[in-house]
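The following pair of complexes shares a single chain, subunit A, combined with subunit B in the former and subunit C in the latter.
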Partner chain A sequence: MNNWQILWQARDQFWSGFLSTMTIFGVSISAAFVIGCVMLYLLEGSRSRTTILLRIFIDGMRMLPFLILAYLLYYGLPSLGIRLNAWWSGVGALAAYHGCYFAEIFRGTRLTFPPGQVEAAKAHGFTKGKMFLRLILPQIIMQTRPLLGNQLIYALKDTAFLVIITVQELTAAANSLSGTYFIPTEAFIVVIGCYWAVSIVMEVIIKQCGRFSTKRGFDNA
Partner chain B sequence: MPETGLEFSKEPTEVAVSIRNLSKSFNDVEVLRDVNLEVKKGDVVTILGSSGSGKSTLLRCINWLEQPERGSIHIAGERIGVTDEGRAMSVKALARVRAKTGMVFQSFNLWPHLNVLHNVTEAPIHVLGKSRHEAEAHARELLDKVGMSHKADAYPNTLSGGQKQRVAIARALAMQPEVMLFDEPTSALDPELVGEVLAVIKSLSAEGYTMVIVTHEMSFARSVSDQVVFLEKGLIIEQADPETFFTNASTERVRKFLERNK
Partner chain C sequence: MNASAWNMLLEGAWTTLWISGVSIAIGVTAGLILALIRIARIPVIDQLLVLYISLARATPLVTLVLFIFLSAPTFGIQLERSMAGILALTLNTTAFNAEIWRSAFRNFSREQREAAMATGMTPGITFRRIMLPQMIITSLPGLINEMSFLIKGSPAIAVIGIVELTRVTNRISAVTYEPLPPILVACVLYMAIIGCLVWAQRITERRATRLAM
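Presenting the complex of A and B:
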């Protein structure tokens, strides 16, 4: 039996690792997106203490290696009496970390948002919350689409770090198979293929969404 | 505050906008000085003056996009920006009073992610709480009125400046405002597109809409106005019916201005 046949027989292990990775990715990136939007909303308006603290928090997170944050949540929080299992530590770390990146991407684009549109919204009786949700946020998302796509790929790759805090995901599956049968090259080639495949699918989807914004004059794809 | 009965909060209903003793400064520069102006329901008032005279600021105070330091503004009898107790209005209350005005901007400010129809229905649905069905029917009527119904599904980036401005007018009308405010509606347009926008505004005046218009188009001001106001350094120095204003102005400054803007 050659190495590839061994891997084929262990396909269930890969498959469950893959599903686990996709679940972690899906849950954490959705949470990160919401966190990014909420942070953008909190950064609206004048410079208050909240906005300054939030900016410091966002920058602090962005300047932190992701693995350290995952370690901190998994190994550090129990000393504060908060015990999260590996899965939730991983998802929490991904959500918070990439949430801050999302917020920063949104914020950069928000700075160039035409103030006239905000005035028009005010003049038509919009309050802050509705204006944000209906007029500002949709445009910011359309405008930041390519950057968001990029960030999704980063987040996907970061899920691989979670093997170190014992989350049973795709990289963990490959790691365990390569250890058991001593076939690291083949095992990791399969994993690379999986990450590439998911990334390519995301790229295509994000590109397709571009039609939506091109029609509205947001970019020239 | 003592009870003073009805006259305390109620203005005569035929007054659409009443501005009293309005003053406003930016830093130390006084841009409006003790301005008083009354706009009757159905009237068209144009505000003229050179750049920096405060005319746009005056217009923007009416819907509280600028907050004056002193004085009061009532829209259809309701004070904007300040509560009966003299405190700043809550965001919600302010939004409600603002919705009684419709504003058309120099730079159109359409929302580019929404198509023409949805630009017009956005505020009626999400501010006034109208049903989508009702809002769309009304919006199509208004787009028809401004000659833009054939572009209902187009996005703003595909329209010319004049078309954008006509959509912006429909969008403001959709709020069924007590008064329409126009802030130099043709200043950002190519000369050959000015006419179509002015024609729409003229047709609105014929329909009896109350309008306050800041403009540099003299002949338009002359033909459309019931009242012309001239601002100079934040003061109203001339206020008259258009005939008197354009042929027999009482101040030297206005005569010079009209001479230069012929």
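Presenting the complex of A and C:
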């Protein structure tokens, strides 16, 4: 029996690892997206104490490696009496970390947002929340989509770090398979292929979004 | 935390720094060479490089480190841990650096190249005396940004047992049973390292815009 046949028989393990990675990725990215949007909303308006604190928090987060944040949640929080299991601390760390990156990406585009639109909305009697939800957020999301796509790929790559805090995902599956059957090369080639395929699919989706957004006129701001 | 814990943390920071430093040095040079090869557009090699860059962009560092470290012995290569770590980080960062160098090359002003040709410079001399000095300045902000990404990715090498700045916190807390202080100190050290790079990036960006080709 050659190595590839062994891997084919162990396909269930790969599949469950893949599903686990995609679940972690999906949950954390959705949470990160919401966190990014909320942070953008909080950064709206004048420079108050909260906006300055939030800016410092975001900048600080961007200076840390992802794994140290996961360590902080997984090993550090129990000494404060909060005990999270590996899965939740991994997802929480991913969401908080990439939420800050999303917020920073959004903020960069918000700076170049045409102020005339905001004034027109105010003149029409939009409340701050409505204006943000209906006018600012959709345009900013569509305009930042290439950067968002990049960030999504980074987030996918960061899910592999969770193997270090013992989360069972795709890389962990390859690691345990290569340990059991001693076929590391083939196992990791399959896993790298999976990551590659997912990131290619994401790039295609982002491109399709580009088509949608030109059709709806988001690009002529 | 006592003195030995501080010592261990600083040693971990040093390990992170030297491994990242070696990978950055190799990665920046190799990226330039790859960019030059891609610009020459040699048929089969060009496609292979496109494939490599696309793959390296999508492969998580942890997976790459494990792959290299575990599968090298099956090819009969004995790799030390730190060598495997350096190799993985280099493979990853070279792909990004190649793209940065290539875009600097493609955005280089045509007039200057034509002027160099008109004054009778050979392509080699044009590249060395005219293009490279300016390309270094214009691509430095991007390269430094990539360096800070590399340092943010460097904890991946902990997975094969290299005791670097993130891993060392485990060692300390195994003795003191207090994981929070070493992790927080490691956070501060990382912030210091990456903060320096961000600061350097800002300065080089200002220089690059002043040059404005």
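FYI, the second predicted complex is superposed on the first by the 215 of 221 C-alpha atoms of A that agree within 3 Å, B and C clash if a C-alpha of one lies under 4 Å from a C-alpha of the other, contacts with A are read in each partner's own complex, and residues count from 1 in each chain.
We take it that a contact is a pair of C-beta atoms (placed from the backbone, for glycine too) under 8 Å apart; a residue touches a chain by one contact, two chains touch by 3 or more.
Worth saying up front: this structure is predicted, and the values here are computed from it rather than measured.
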Please tell me, clash or fit, for subunit B and subunit C sharing subunit A in the overlay. fit
Of subunit B and subunit C, which one touches more of subunit A's residues? C
Using C-alpha centres only, what angle sits at subunit A with arms pointing to subunit B and subunit C? Round to the nearest 10 degrees. 110
Per the contact definition in the header, classify A:Thr171: touching subunit B only (first), subunit C only (second), both, or neither. second
Touching A:Ala120 in the superposition: subunit B (first), subunit C (second), both, neither? first
Just to be sure I read the superposition right, which of the two partners does A:Phe161 touch: subunit B = first, subunit C = second, or both, or neither? second
Tell me which partner A:Gly81 touches in the superposition: subunit B (first), subunit C (second), both or neither. neither
Shortest CA-CA distance in Å separating subunit B from subunit C in the superposed model: 29
Which residues form the common part of the subunit A surface touched by subunit B and by subunit C? none
Sites on subunit C touched by subunit A in the complex: 54-55, 57-64, 66-67, 70-71, 74-75, 151-156, 158-159, 165-166, 169-170, 173, 178-180, 183-184, 186-187, 190-191, 194-195, 198
Help me check something: in the complex, which residues belonging to subunit B touch subunit A? 63, 65, 91-92, 95-96, 98-99, 101-103, 105, 107, 109-113, 122-123, 126-128, 155-158, 168, 171-172, 175, 181
Subunit A - residues contacting subunit C, complex: 60, 63-68, 71-72, 75-76, 78-80, 153, 156-161, 163-164, 170-171, 174-175, 178, 184-185, 188-189, 191-192, 195-196, 198-200
Would you pull the subunit A residues touching subunit B in the complex into a rising list? 114, 116-117, 119-128, 130, 134-135, 138-139, 142, 215-218
